[in-house]
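Quick one: the structure is below, questions incoming.
Read from first to last, the chains carry the letters A, B, C, D and E; within each, the first residue is number 1.
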Amino acid sequence: MEMEQMGPQTFLYGCELKSGKEVVFNPEDDDLEHQLSIRMVCVDPSTKDEMHIIEAEGRDTEGQEVQAVIASLKPSTLPSVCLGGFEITPPVVFRLKSGSGPVYISGQHLVMGADQSFDDDED
Amino acid sequence: MEMEQMGPQTFLYGCELKSGKEVVFNPEDDDLEHQLSIRMVCVDPSTKDEMHIIEAEGRDTEGQEVQAVIASLKPSTLPSVCLGGFEITPPVVFRLKSGSGPVYISGQHLVMGADQSFDDDED
Amino acid sequence: MEMEQMGPQTFLYGCELKSGKEVVFNPEDDDLEHQLSIRMVCVDPSTKDEMHIIEAEGRDTEGQEVQAVIASLKPSTLPSVCLGGFEITPPVVFRLKSGSGPVYISGQHLVMGADQSFDDDED
Amino acid sequence: MEMEQMGPQTFLYGCELKSGKEVVFNPEDDDLEHQLSIRMVCVDPSTKDEMHIIEAEGRDTEGQEVQAVIASLKPSTLPSVCLGGFEITPPVVFRLKSGSGPVYISGQHLVMGADQSFDDDED
Amino acid sequence: MEMEQMGPQTFLYGCELKSGKEVVFNPEDDDLEHQLSIRMVCVDPSTKDEMHIIEAEGRDTEGQEVQAVIASLKPSTLPSVCLGGFEITPPVVFRLKSGSGPVYISGQHLVMGADQSFDDDED
């Protein structure tokens, strides 16, 4: 009953992307369910004034790798953008498809106990 | 009980629109329920600096095709926009109503087991 | 049980506003519950570069007509804005309070069976 | 059961702020629960091109008045901003902390029957 | 049953950041569950026209301090940004990583009774 109120536990997530430096979000196998809810993508004062394309790599329904552009930022035009809770199931890889960065990603790392999982056989 | 917590399963979705190239989202009939939750529409560094109008085609309550403009982007003014989880039931077609692109669409592909469907006769 | 997962059925909604041309959203009385969840308001490449004020007219708790400005767009400053799921109970009227348009509105038309209604006497 | 689907009843809310003119949202005591979910803050074509700071005054957990800046708008830079459903429990007062306006606030007035309240002693 | 409708109680939250002045959100231990849902980050008319980087410090799943950039604002480019309900579990510290401010943060302080908590042992 309690879980219906507040949902999963929420932890802060933040990372920094630079050209040629991928960031992987893949919590270790710990019998818990993990989800990443991306909130903001932001530039730094040191970020070069060029178009930055932020790409996420996850999985589609077939389990195949899929790339998706989740934000395009240019410091002098749009220094930060809200993604409004873009939920991605790990493993996720973030990288700059264009631009040299740095670019910051932040959001919520959601964790749920295994007994609250939504496995097919438990329903 | 578990399903009430986390909702449907979430997969990453991404596509690229160019002038004259429609993108169709229509998962095959597999006894599962599919929904597309569009999060972001973004330009590329190579996108020409003109107004790009992104259109989605879906169905209204009568089953008729309906077109809706879901974003207007110009690289030098607004390089990316959040749609905050614009849910569209497939089949969906995306196209550029104006502009030559490329423009990226990303979001969440939501999948739910048939036993969790909301068919009228099951309630 | 199934309804708790996915909520009401979702259909695509789109309309176009021009100066002097109101758009009414008022699904016929069909024993279903209708809601409009507005997602995006967007300009067109042909939209004049002036401030456009988009107004919605709905009802307040007394059943009286109430007007609300739901977006201000200027093509060269902000060509599209997300409303993040602004839910309005029909009847709703959209109009341009300022500007000649065209301006596009899009969102989700939510429909729920009468047996799922939230009438006072059913609870 | 029905209430779990659609949540509280939704009415349209809109107001206009000018310098020196506060707007109060405080529905009369009617045995119902009221909440304001602010969606958009927008300028008018007549709004002077200066920074406008929109402030809300509500209550903290101690019942003390608390002020919060909920939007900063300048017509030539950002004519409207989405707040994505900023929920405030009445009584609420809106005012311009800076700028002469007019500025429009819109959102959803949510109403819930007393038998659906979340009083401590009812759970 | 009532709680399922309206969720936790909502109080207004607002603070002001200046260079060298951290703001801590850490409600005292009172047997209640607290969450901060950040909605808006906004500049002031007096804010210098430089890039402001707003950082939040919270905890990761290991209980370790983690920093995340939650917004980048420049008065002449983007005077306010919506975070769409970025939920952070206290203790949280906000600070300006760059820029001298002032910058305003606002949102909802969510409070839930201990009997509605989601402790592992209660489910």
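Definition applied: a residue touches a chain if its C-beta (ideal position, glycine included) is under 8 Å from a C-beta of that chain, and two chains touch if they have at least 3 such contacts.
Note that the structure is predicted; figures quoted are calculated from it, not measured.
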Field: Required minimum of steps from subunit D to subunit E, each step between chains that touch
entry: 1
Query: Same or different for subunit C and subunit D, where same means more than half of the interface numbers show up on both copies?
result: different
Query: Can you give the whole-Å distance between the Cα centres of subunit B and subunit E?
result: 30
Task: Please work out the Cα centroid separation of subunit B and subunit C, and write it as a whole number of Å.
output: 19
Message: Where in subunit B do residues touch two or more of the other chains?
response: 3-4, 7, 77-78, 81-85, 115-116
Task: Name the shape of the chain contact graph, picking from line, ring, star, complete and other.
output: ring
Query: Round the ring, from subunit D on through subunit E, what is the full list of chains in order?
result: D, E, A, B, C
Message: Looking at the complex, which residues from subunit A come into contact with subunit B?
response: 3-4, 7-8, 33, 35, 50-51, 53, 56-61, 66-74, 77-78, 81-89, 92, 98-99, 112, 115-120, 122-123
Message: So in the complex, the part of subunit B that touches subunit A is made up of which residues?
response: 1-7, 9-14, 27, 39-40, 42-45, 75-85, 104, 106-109, 111, 113, 115-116
